[in-house]
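Read through the structures below before going on.
Each of the two complexes below includes chain A, the first together with chain B, the second together with chain C.
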Partner chain A sequence: MAEEKKKHKKRRTATKAAASIGPMVKAAIGGTIKAKEEGKKTAYSFIVCLYDEILRAMDIVPVWTENYAGVCGAKRDAERFLERAESLSFSRSLCTYALCGLGFDQWREELAEMPPDAPWGGQARPDMMLSSGQILCDPRNKWYQAAQQFMPDVPIHNVDLPYPFYEDDIHYSEVQDYYIKHIMEELRGLVAFLEKQTGTKMDYDRLRETVDLGERTWNLLHETYELRRAVPTPMGTGDAMNTMVPMAFMLGTQTAYDFYAELNKELKEKIARKEGVIENEKYRLLWGGGLPSWFALTDFNYFNSKGAVFPAETTYRMIQPIYNMYMPDTNDPIERLAWRWFGYWVYWYDQARKRPGSHPDVEWLIQYIEDYQIEGVVMHEAFSCRTWHLGLIWQLNQLAKIYKPIPVLMLGKDGSEKKSNRELPSLVLESDIIDITTYSEIDTRNRIDAFIETLESVKQSKTN
Partner chain B sequence: MNKKNIDILSKVESYYSDYGQRARELKNEGKKIIGYACSLVPLEIITAAGCIPFRIRGDVHDPITKGDTNLETIACPFYRSCFDQSVKGKYDFLDGSVVAHGCDSMTRTYAVWQYTLDLSYSHFINLPHTLSKSSMEFFRAELNTFIKSLGRFTGKEISDDALAEAIGLYNENRDKVKALYEFRKPDPPTVSGTEITKILTVGSSLPVTEANNLFDKVLEELGQREESPFKKARRIMIDGACVDNIELVKLIEDLGANVVIDTLCNGTRDNLPHTETKGDPLSALADRYLDKINCPRTYRENKDQDLQKELESRFGDIGFYAREFNVDAAILYVYKYCDPFGFEVPARKSYFDSIKLPVLYLEDEYSTGTIGQLKTRIQAFLEMIQ
Partner chain C sequence: MKYFAGIDIGSTMTKVVIINNGIISSVIGPTGPEQRRLANKVMEEALNKAVLAFESINYIVATGYGRINVPFADKQVTEITCHAKGVANLFPEAKTVIDIGGQDSKGIKIDNGRPIDFVMNDKCAAGSGRFLEITADALGINIEEMGELALQSDNPAQISNICTIFAEQEVVNKLAEGIPLRDLVAGVLESLASRVSRMVKRLNVEETVVITGGVAKNAGLVKALSDKLGYHVSVPSEPLLTGAIGAALLGKDLVMKAEKDGQYLERKKRSLREIEIL
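The block that comes next holds the complex of A and B.
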């Protein structure tokens, strides 16, 4: 295994910004251990839980447990933690991020020090754990509760963050008042918990500034990623799996904002030089769903080697431009956060209503297909994660049913050629986020090869 | 055993093996049938709207085929089977379906059900995960949205009186289930676990008034069993989620044990908690479905940071039933890919240890294909606890 780890090469990135992420994450993880030594309060945290700015404004250091599991996966060193979790009676079919974290935590608690050769120095023991009872992701509701078995002295606070589902007969405006009220109450409950844990009162002026910075970062990130519409595209999804880090793990910090300002500059320069991800861009693909296999990000380079690029992805693009959402005229940063959450989740609802048979998740795909001149859709089904991977097959089926953008000539029954339209080709890869035992490089690349052949065949049969 | 009561058990058998036959008849009479698959759907509201709630079952004997064309195989196998049966047309009498925010497998596939089955009505009920005051108010508002939505579908507002009446009927229903469970307390029990599974499963396919009548007749029949038809044997509890087919229970009983109690969704978890009849009915329903139903998807705060107290607050019902029904051992039965239960398996096992009850943990697919493996493990476990 150690030999295999050494042989695994770093992935080649298209942007300098993406290449800078590895050291940044390493420093952040090391920073949590250092923070703990310095007596700062640390909190186990999940990404996209709306509490980033609240933590930053209170100088609480978030320990991103999903991130650490991803790092273990990317370094191909998750197996020993997964096995340990399994030995504790956690099924291997559960979220492997959580299993990796639980295996790690139990080991650290048993040794009273970091497990041997812990990737990047290990994961700091937290002072508190912030669960998230959202409408998605059961593990975010259960993981820390399970971890408390090994750390009974570490308190948990669970923040409930619902959003309304898309219904035919109910517009979200009908329910938004009580959703916003509840989300605000939950955030205020979190603040009260954190104040108790830290013994410090929230400075709401500081929170206001932090939320403002977070909102500006959202807008900047959106504008920056929109630059990827250029042909050739200056950045692909492989890089985006790195550049999501500041948004997901550093929101509300100047570092995150500055990172995207730098990325924005870099992409504009590349566009001016007509410098794409690859020299000869042949196929433009959408990463339409699913978390990546962190141990196999080089698959993106394999796509590149076949002339395929990914100018857009829905995965980890967990932002929408704030200026396109409803935002009340308020000075209350908690209220702004609640509306941001609500606005993000209902972002595609109105547009979906206008297209028969559509749905917000499908509408999002269609918008990107059009904006980024997409020719095919790729998804990844990670077996251990129901949160992001259930419904993907249906989305592709529904997309094919209602959206056929490719003009082709079809042979009619009488032998004559008729103009018609067909759906975009699609590919579903199967593996996991960090469980490398589920992955076959040969099988994956065979599937990619076959998909590329399909793309080429569609290109040939396309009429103008 | 008189003829009348033989007839009632034959009726249970008939409704169980041809599941949905009564719902189909009612549909033909012009009733609206609303499907659901989770205990967190408030049946009182569906009944108050004049519709018939119908619990969708999977089928462990039928391999999942058609459902897999639209639903990933990483979903809960029980829920996949429910979907598979639905797309195969087994429940073609449904007018609508209601999905509660139970788990990711239900939540993340709501659109898949909505668009694939294309029923006249569908609704998603968003249950919070926490038990704060704000969560209760939010959930009450969600139930109110459901009431308005269902009222629009039926063309008739749901009145407070109708809601109060439905709450009364379901409380009555729960009293009868409790009375049925009383027959499991003697040693040997007067009723088998297999029989109870059939009776409760059938009950969830009927309008509540008919289920109440059926339970009354079954209770009368059981009351006439002066001697238990079963042998004294090890008394087993089944702890887990939804077991809506008899195969597991029957297997345990065929191996010589008596299944005398459960904490299953279609057992005590759903069928015993009452709804408060005083005060605001919607708040009472919110309290029942969010707090009183002890489902792992709802987070219960560990206020004392004391592991044992926390285990007691989360799993105290297990200990209560174990004592009440004089249980010798338990089988913790969890489906593969079930995150809410799966993440608490070690904690549940710790709790069983703390009350000194031997436990066998089984992770299973929803299929009779695994019966052989289950048999071996259960047999070994039963031998071990002799």
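The block that comes next holds the complex of A and C.
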């Protein structure tokens, strides 16, 4: 493993912004340890749980446990933590982020110090753990309960964050008020818990400013990523797996906003120079779902070496500009947060309703395919992540009903109709997020080679 | 006269085909670590059969898992493209190709001889020819006997297709329970057919369906697969050769296209040598 780690090359980035992320994450992880030393409160946290701005407004330092597991995976140093969790009777088929975190926590608690050579200095011991009951991911509810057996003194608070299911015959407006009320109650419950833990009252003026900054960051990120529609695209999914960091882990901070302002500027400059991810962009692909294999991000470079780029991805793009969703005229930052959560999900419900037979999970893909001139879809089935990856094949099957080598009527966003007759080859990669034992570089690249040949074959068919 | 060669180095078998206007020579031999290094020997055998010198070959395309181990090939192309091409040559109306190899299985959707989509299982032996090899061994029969035995069964046994190793133990236990051999073999073939058909159905299978790979010689498996898919499954006369045929044809297309465009595709690797690093 040591040899493998040594030999593994870092992914080449297309943007300076993406290249700056590694040191930023390292500093953030180191920052959590420093925060502990300075007596600041730290909280184990999950991304996309709506509490980013609340924590920032109360000076609580989030310790992003999924992020740390991903770092262990990217450094190809997760195996020893996974094995440790397995030896504690946690099944290897559970979420490997959770397994890695549990193995790490147990080891740190046993030693009363960081495990030897812990990647980037290790993960700070939390003062509290903020779990989340979401349809999105069940380990978010169970992981910290399991971790509590190693840290019985660390309290857990669970935030329930539901969103309505998509129903063809029931409009979400029928349940909207209930959801908003429930989410607001959950967030107020969280604030009360945090006030108790910190002994400090929430400064709602500060929270308002932080939420405002978070919303502006969402808008800016959306506008910045939309620049990737350009041909050649100035940034691919490989880079986006880096540039998601400020949105996912630093929302509500000026650092995150400034990062995207800088990225926006860089992308505009690249577009003006017609500078793409690669010199000769031949195939435009959509990363249509699934978390990446963090230990194999160089596969994106491999795609690039074959002339393929990824102008868009659904992974880590769980934002919509605030101006695209309903937001009531309210001065209450908690209410704004609740509407943001709800509005994000139902935005795609509204979009799907405009296209007969569509579904939000597919509509998302269709719009990216059309807007970004996509020629093929790549997905990754990570065996240990059931929630994210369940349904990927269904999504591909739905797309196959739309993208065929026969004329199909496509509806534009403005209601316009146009005929499309194009195939959309797809590739499903199979591995895991951080369990490197599931990955074979030779087999993966063999699949990529075959996929590229298929793309070329489809292209040739059209030319002929 | 122009000659083109296709060499398909699979996990179990190595196949070479030499063509001009038709197939003039073909060789099928086992792939082992040594043979993979010595692809040149297999090529030599095919050349001898065709009574041709290596220099007479105008273009060589290598395919299969071992394609990178063919230093004298002019081009490497994946087996997806080569199988599509080879099958379309033999069955011009083909829309779906199922290739069950020694260590993987693939489904390929084709249109006018070109692949337009594919699925692949390279993660689990339970969806590959290896599954049959191991269970045949456990049952003490030759793999070649399995097809005919299975066709005699009207009550196939239930065999797990989750894991080859467990299935091996399962058939041994069921044999000890007294379940007739023909029913066990039929169960094994149904199990493999079920796993492969589940994967291939992702492609929205259309007729004509063609199966390739050594497993295609197994009539019981072809019947089981046909039943699962609900379509007749056609088998080439030599199902192991379609990848190599496709590779040779792709080489021919490249040379012909270059000539049509007034270019000459010069071969740079004019020595029949073995790979130096494996």
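Just so it is clear, the second predicted complex is superposed on the first by the 442 of 464 C-alpha atoms of A that agree within 3 Å, B and C clash if a C-alpha of one lies under 4 Å from a C-alpha of the other, contacts with A are read in each partner's own complex, and residues count from 1 in each chain.
One rule holds in what follows: a contact is a pair of C-beta atoms (placed from the backbone, for glycine too) under 8 Å apart; a residue touches a chain by one contact, two chains touch by 3 or more.
Here the structure is a predicted model, which means the values were calculated and not measured.
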item	value
Simultaneous placement of chain C and chain B on chain A, clash or fit	fit
Which of chain B and chain C A:461 touches, first, second, both or neither	second
Partner chain in contact with A:390 - chain B first, chain C second, else both or neither	first
Touching partner for A:351 - first (chain B), second (chain C), both, neither	neither
Touching partner for A:400 - first (chain B), second (chain C), both, neither	second
Chain A-centred angle between chain C and chain B, computed on Cα centres after superposition, in steps of 10 °	80
Dominant contact partner of chain A by residue count, chain C or chain B	B
First (chain B), second (chain C), both or neither touched by A:148	first
First, second, both or neither for A:447, with chain B first and chain C second	second
CA minimum distance (chain B, chain C), superposed complexes, angstrom	5
Residues of chain A contacting chain B in one complex and chain C in the other	393, 397
Residue numbers on chain C that touch chain A, as the complex places them	65, 77-81, 84, 111-112, 114-120, 122-123, 202, 204
In the complex with chain A, residue positions of chain B that touch it	69-72, 74-76, 101, 103-105, 107-112, 115-116, 122-124, 126, 128-130, 132, 134-135, 137-138, 141-142, 145, 149, 152-153, 296-297, 299, 301-302, 305-307, 310, 334, 336-337, 339-340, 342-347, 349-350, 361, 363
Complex interface listing, chain A residues touching chain B	88-91, 93-95, 98, 131, 133-139, 141-143, 145-146, 148-149, 152-156, 158-160, 162, 164-170, 174-175, 178-179, 181-182, 185-186, 189, 357, 359, 361, 381, 383-387, 389-394, 397-398
Parts of chain A lying in touch with chain C, wherever the complex brings them together	393, 396-397, 400, 405, 423, 425-426, 428, 430, 440, 442-443, 446-447, 449-451, 453-454, 457-458, 460-461
